[in-house]
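Notes for the one structure printed next.
So that you can tell them apart, the chains are marked A, B and C in the order they are listed, and the count of residues begins at 1 in each.
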Amino acid sequence: MKIIITAVPGCGKTTVLNFLKKHAEEDKKNVVFANFGDYMFEEAKKRGLAEHRDGMRPLPKNVQEELQLAAAKKISEITGSVIIDTHASIKTRFGYWSGLPESILKILKPDVIISLEKDPQIILEKRAGDKEREKIGARDKETAEEIDLHQKINRAFVIAYAALVGAAVKIVEAKGEETEPLGHAKQAARKIWDDLKDSI
Amino acid sequence: MKIIITAVPGCGKTTVLNFLKKHAEEDKKNVVFANFGDYMFEEAKKRGLAEHRDGMRPLPKNVQEELQLAAAKKISEITGSVIIDTHASIKTRFGYWSGLPESILKILKPDVIISLEKDPQIILEKRAGDKEREKIGARDKETAEEIDLHQKINRAFVIAYAALVGAAVKIVEAKGEETEPLGHAKQAARKIWDDLKDSI
Amino acid sequence: MKIIITAVPGCGKTTVLNFLKKHAEEDKKNVVFANFGDYMFEEAKKRGLAEHRDGMRPLPKNVQEELQLAAAKKISEITGSVIIDTHASIKTRFGYWSGLPESILKILKPDVIISLEKDPQIILEKRAGDKEREKIGARDKETAEEIDLHQKINRAFVIAYAALVGAAVKIVEAKGEETEPLGHAKQAARKIWDDLKDSI
């Protein structure tokens, strides 16, 4: 089964993925975790286009699209179950750029596209405490309203993607207060794993 | 004209279709009413895969997709106007599964895709009183919030479908209290018929 | 760069386009402004199908689709940057008709699709004061709620379009009171121009 997992930055996707890796280990399930950006970067390095991930940002659009295609082909060669970590859309000054256009989707052929969602206010707080992100600069600072909009846009994107390839859209929302550290991510991973593990 | 009509369970779609059949008879319009699931089941029976409609549920995804394709081809052979009864998405543990992926849509070539919508609370009450559904079990019981989400998801799905084939999306909402038995369904069918009959 | 700009009627799109033309002149940028309907009408005139733009309305759907295709091909031949003025969806009695189905999009190959949006109440007031539109008749009169719905539908449409061709969706909302005549349009054009001019 091919699963794509998407979320806006600060939603805790990496933490959810770490919990999913633990579940896979515990249940002795063979599943490859593929970070789409890592595959793009590998390709960029091979072609001498970038030496670190951020070095891909200034590349022209058509080059980025070539890297996306190469990454998708590489991931499509993985046999068995794959969980692909990527973005439904990327916010740029041009607008919300489709992270999974038809050309890419038809190579990846996902069965399930997960949209991880969270209260924008919690995302905002997470981002505020995120030193790494702060270094990138104030340019990326969004209001709760803007995060909410990005999440709504992403939801429409994943549905359009599912229509293109006949996939299922799984909305996983973190709700309420966290009752333990990383509680939201733990719950989200538990839900995803319980629902999908039999097909992995 | 090819018309697809979709709704979440409990929205009264079957009743609306019955009123539409009456209108077609009264106005002596030739229109075939095709239930997509019936066509899939016919195909499944022919292939010895299922003896009743629920028998299709446990079939693997790729077999279900073959049945969908076969059903779509069969329906596409109908000459003249057709009203196709199906789902925008089906709620499963994998998420909201696209009911009309591109592969199916490009065979059906709909001109109009209708999304029948209703106050989630009314749908909930309808479902509660629906003995048939109760037998299926508590597993299918949803909250009003979940029904609302499913309707929103479906709306985005039908718009994505329309973008794929250049169709029109017709939102038909039942509003307010019913002033007579089956009033909502009667009004919805009246509206659909008045708007579309000249092209049927 | 190919940019498509969309909005519901009365949103001030023409005014925004006029400001964009001024910006292009001031910054000595070569960009062609293409009105999709004008290109369709040119084609209809050439084929003897219509003598004025409204004359295209009663043409059968398949003829309109041919005109759309011809217009798209013509616009795709323009070299350099183009800003295409068209509709995300057109409201008809059949529903919201897709203005940019896949067949058209794959010819136009837009990089950015702009959705111009505004408070429905302001659109309503604009429409009420619009003599031109009043002549067309009461049939087109919508409530604020209906305008709001149309804008929501359009947003889902442009996202589905972006998924099809790997474009970016740019939401440009006019907010608050206008502080000067045409203030909203001026601000929207300024924002669009500042964000996109380096790629034009």
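Everything below uses one rule, namely that contacts are C-beta pairs under 8 Å (C-beta built on N, C-alpha and C of every residue); 3 or more make two chains touch, one makes a residue touch a chain.
Keep in mind that what you see is a predicted model, and the values were worked out from it rather than measured.
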Quiz item: Looking at which chains touch which, would you call it a line, ring, star, complete or other?
Solution: complete
Self-check item: Equivalent interface positions on subunit A and subunit C, same or different at half
Solution: different
Quiz item: Hey, how far is the Cα centre of subunit A from the one of subunit C, in Å?
Solution: 32
Practice problem: Pull out every residue in subunit A that's touching 2 or more other chains. | Solution: 156, 160, 163-164
Quiz item: In the complex formed with subunit B, which residues of subunit A make contact?
Solution: 111-114, 155-156, 159-160, 162-171, 195-196, 199
Quiz prompt | Of subunit A, residues touching subunit C in the complex | solution = 61, 65, 89, 92-98, 100-104, 149, 153, 156-157, 160-161, 163-164
